[in-house]
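Next up: the structures, one after another.
Paired with chain B in one complex and with chain C in the other, chain A is shared by the two complexes that follow.
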Partner chain A sequence: MPGDAADALERAQVDASCRVPVMLFFASAVFWLVVGTLFGLIASYKLHNPLFIIELSPWLSSLLEKFSPAGTVELINASLTFGRIRPAHLNAVAYGWAAPVGLGVAVWLMARLCRVPLRFPLLVSAAGVLWNIGMFVGIGVLLSGGSTSIEWLEFPPFVSFILFLSFALISIWAVDMFVHRKPGHVYVSQWYIMAALFWFPWLYGTANMLIQLIPAQGSVQAIVNWWYGHNALGLWFTPLGLAAAYYMIPKVIGRPVYSYYLSAFGFWALALFYSWNGGHHLIGGPLPAWLITSSIVASVMMVIPVVVTAINHHMTMKGNFQVLRYSPTLRFVVFGAMSYTLASLQGSSMAFRDLNTVTHFTHYTIGHSHLGLYAFYTMIMFGCIYYIVPRLLGREWVSARLIKIHFWTCAYGIVAMVLILSVGGVIQG
Partner chain B sequence: MSFYYILMLASMVILGGSAVYALYWAATRGQFSRMEQGAKVIFDQGEPVGKVTDTFPGLDMEKEQKRRAEKGKKTLKRKV
Partner chain C sequence: MSSEPNPPSDAANEFQEQENPALRGIDYSESTNVNQIHESILREKVDPQEGEEPISLVLIGIIGVTLLFGGIYLGRYWGAFDGMIYDERARSVVAGAATGGGAGAAGAPAAAEDPVAVALKLGKRVYTANCASCHQGSGQGAAGQYPPLVASDYVLQSERRLIALLLHGAEGPMTVKGNVYNGAMPAWEKQLNDKQMAAVATYIRQEWGNNGGPITPEQVAAARVEFASQTKAYNEAQLLAIDGPIVVK
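Presenting the complex of A and B:
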């Protein structure tokens, strides 16, 4: 068999082996994205107009009273209050959408880069099912008023345990894949994925232990809270987004990454600096000055891996920007990579005490978090879905026009949202 | 309670140790040598350097380039 045919066969076998588990992760993630966005829309509207759907309309209430158990209408009315719908939005989007879609992409990338068909697909699928069981229970608990009231860790301990277990299965699977990979160089995306799959269970387990099982007292709890909250973004979503970008950009345009040395340097610099950043959420809080200052220093040091990554992606794309006209994946991923630079530099600047005094507790922070999780992470994940799904199912996307509409509505939407929230936040502060 | 403290301390040591080991492993197994070759592992004979691997559904890039050239529009001049 000629070399190119053998390579195509190997890729096809790898893709076929990933079909069920990866599609399970993608489909459930998209479901939670829709649900989470709806929660976000209601929460946002209620923040500005608390009287918005304060209770279900009389005709709907009477209809529900006829066909559902007693108390359903009261439960729904209570679920729609801001204090419940807002954490439900965050958790549905972060743990329902962002985590599973990242896992789906990570599973596919690991199989592709290890160049072996997916090992133990049932285990990966079981982890996906378990994760979604945890999500349904968790969101149900939040809507019925059972939140722990700790941001990013609102799920009660038994739900956290389900998610932890599911994640641990994926981590163990990743180690097995890595051990059984075909010999050769370990690509930078694998470094990012392996690191993310190691870091997150450790972060999640430790944070839950220190907040739920043996709760840290007083202001120390806030440190644990934001150590986890920021690291969930920096040591979990960021490495997965970058792993995807480091694969997709060179692969789509057919050009090796500009400087592979810089990509490795960026990885180790991120590993060194990101884990210290959480303290900048507590500027002005009743905490030792050295703790906040060291966090501010680390936040500014993050400029190094961010600029390194930005230069690397830009120089890889240089001379190939016209391909953006033809590739849906590239459009989303390049938009995401550019947003990563912007979000990270903005984040570093927000750690300065002077700016933080103005922007803290305002919409500016909300704009920043959406620039990170939506404009960067989600856009890259959309790009990956456009690349991976046709290869898994052996079918092309139905409509190029719908993909273009998807891209431009997302791009205009997030740019408008971030700009408006940023300006509004500065006025607020 | 002391069980959880021991567990946390152990996990810190294991995680920190595994990061140092990963760096050592990468350095001794040649992962940091001939790095520019490492960048090419995502390509193969079927999808070599120079080949665009993703386009909008139903779009043939070569035909599209010809059509654009005939109309006198800018065509793709890529740097590979």
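Presenting the complex of A and C:
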């Protein structure tokens, strides 16, 4: 069922206008995903065998002695210690991959849903370049030992400032796009994108202000830290992932989203409850009981938006599951949407004090975070890339078989990883 | 757009597996035909719309149960929304204050168990909730309308008179610190229990530089029995006739 010719022309214009900035975001994001995954692999090995790579020193030095000054091997070994490579992994995948790929998708979705060609494409591209400059400097600082040691905010203030500036440009651009949209219904994906682009600079700015520039005193810093740490996932990656799922699922199968009321309800419930969740990272910490309790309650309340969104997605898909066989986009996105439900319900249960006593500070938490950021967010973003890139470049994917292999290796890999980490975490706790 | 990429053969084979030609290559295809390449734009489905299905009753039920659970959990472990209570298992405000005080002021557990300190903390809450709207947080009252509690004879002179006044209220003209007030003080006999009334009486006798002694819940209980026959608010003359301390037998 093709749309009519005027619509198709409009979409083609929008896609053409997005080509450079969105591809810039996608390409750099994939680069950082590869780098970040490599960091993660090294960190994982190092955790079990701290001498990993260091054992290769004699071989490395004989290899490098002809090309590089003395001390190079020692420098490499120092850079790759667990204490440096672990934050480098987190920052490379969170700020290098997840954020830019989400921005790329958000930029494209905004242009599509506002139904106007991208305004100020140079500004968006400049923001992308700026972001990557920040990333290179930041990862360099982390590997050379300059981490601030604050989880999720390891980058020193001057790097945070570059990222903040780049993000602020995108946010301002999004408002401008929204103001100049073609009249008509404002689709649910647009709410999520606008909200995410508003929330994140606020979160990032406030957290950096209160932790690095004008440090709050004592345990308040921990509150700010986890307020930011959890909201970065909940009020930034989650809305972008949901915005993409809300667009891609009905788009690919060609029928409306099940219920506007569920969309609206899910959105506001997420906005209301997610912002309180951070405190559940500090259960047992030296903080007033009410703060921890209210964050646990809010974590459990997250069941509401999650169930609402899950039902909305499921009822949209109902009767169209056979499309999964043909559409890689849909396969990735539906896998991600299901993982969102799973990860969120797991997260709600983990907030309980009794379970938290066992799982906190173990691999169980690591399993949970990968279920959220990989099985949910990253899989949806992969699906979006498979949908968007051919439209931007006017070329089709080279091999359908490779896409299939990509999906199944990802799916098996992440399921195995999460299961093993969860079981290991419970034993550990 | 005009260039024609050559598809690799394995990708072409993939497409022969598809049974439903209508669903062919929704996101991708390996066509060498220029028209078909443009179809990739045309074959795209309409932009998503939103349906109008109402929210089902079952879902509303699930939401209700979740909210109910949240309320119960919050009520059980709320820690009185007190910045000094660190132990979520503290059952009541006073027990919480004792635990919180013990954790907060480490090394001074004796101070936390002092009943007067506990009463002052409770008294402040009772005062803020019930009294401060007229007598003000500063205890200074409002000129011409509500008499002050700071350095007031009614508060400091006689324990019996103060508790009688709190239990049954007062009305008509009264002279406090040289100024005449003509208002009505409500009776608190039913709203406040012995512990709360003792706490608030102790609080106003010791706050703002007042130097009266504490009043115990037992004393309030005794006063309740003593003044039980009083059915309406006192006037000034009746109050001034009540004097002396409350002696618990």
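FYI, the second predicted complex is superposed on the first by the 416 of 429 C-alpha atoms of A that agree within 3 Å, B and C clash if a C-alpha of one lies under 4 Å from a C-alpha of the other, contacts with A are read in each partner's own complex, and residues count from 1 in each chain.
Operating definition for what follows: a residue touches a chain if its C-beta (ideal position, glycine included) is under 8 Å from a C-beta of that chain, and two chains touch if they have at least 3 such contacts.
In this text, all values refer to a predicted model and were calculated from it rather than measured experimentally.
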| item | value |
| --- | --- |
| Clash or fit (per the criteria above) of chain B with chain C on chain A | clash |
| Chain B versus chain C as contact partner of A:198, first or second or both or neither | first |
| Chain B versus chain C as contact partner of A:260, first or second or both or neither | both |
| Chain B versus chain C as contact partner of A:320, first or second or both or neither | first |
| Touching partner for A:408 - first (chain B), second (chain C), both, neither | neither |
| First (chain B), second (chain C), both or neither touched by A:296 | second |
| Which of chain B and chain C A:271 touches, first, second, both or neither | first |
| Which superposed partner A:186 touches (first chain B, second chain C, both, neither) | first |
| Partner chain(s) touched by A:209 [first = chain B, second = chain C, both, neither] | first |
| Chain B versus chain C as contact partner of A:288, first or second or both or neither | second |
| Among 43-51, 205-213 or 223-231 on chain C, the segment whose C-alpha atoms clash with chain B after superposition | 43-51 |
| Shared contact residues on chain A - chain B and chain C | 2-3, 5, 7-8, 11, 113, 185, 187-188, 247, 250-254, 256-257, 260-261, 263, 322-323, 326-330, 386-387, 390, 396-400, 403-404 |
| Chain C residues within the chain A interface of the complex | 1, 5, 7-8, 10-11, 14-15, 18, 20, 23-31, 37, 39-55, 59, 62-63, 66-67, 69-70, 73-74, 77-88, 90 |
| Interfacial residue positions of chain A with respect to chain C in the complex | 1-3, 5, 7-8, 11-12, 112-113, 185, 187-189, 246-247, 250-254, 256-263, 265, 286-290, 292-294, 296-297, 300-301, 303-304, 307-308, 311, 315, 322-323, 325-330, 353, 386-387, 390-391, 394-401, 403-404 |
| In the complex, chain A residues that touch chain B | 2-8, 10-11, 113, 184-188, 198-199, 202, 205-206, 209-210, 213-214, 247, 250-257, 260-261, 263-264, 268, 271, 318-320, 322-323, 326-330, 386-387, 390, 396-400, 403-404 |
| Chain B residues within the chain A interface of the complex | 1, 4-5, 7-8, 11, 15, 18-19, 23, 26, 31-32, 35-59, 61, 64, 74, 76-80 |
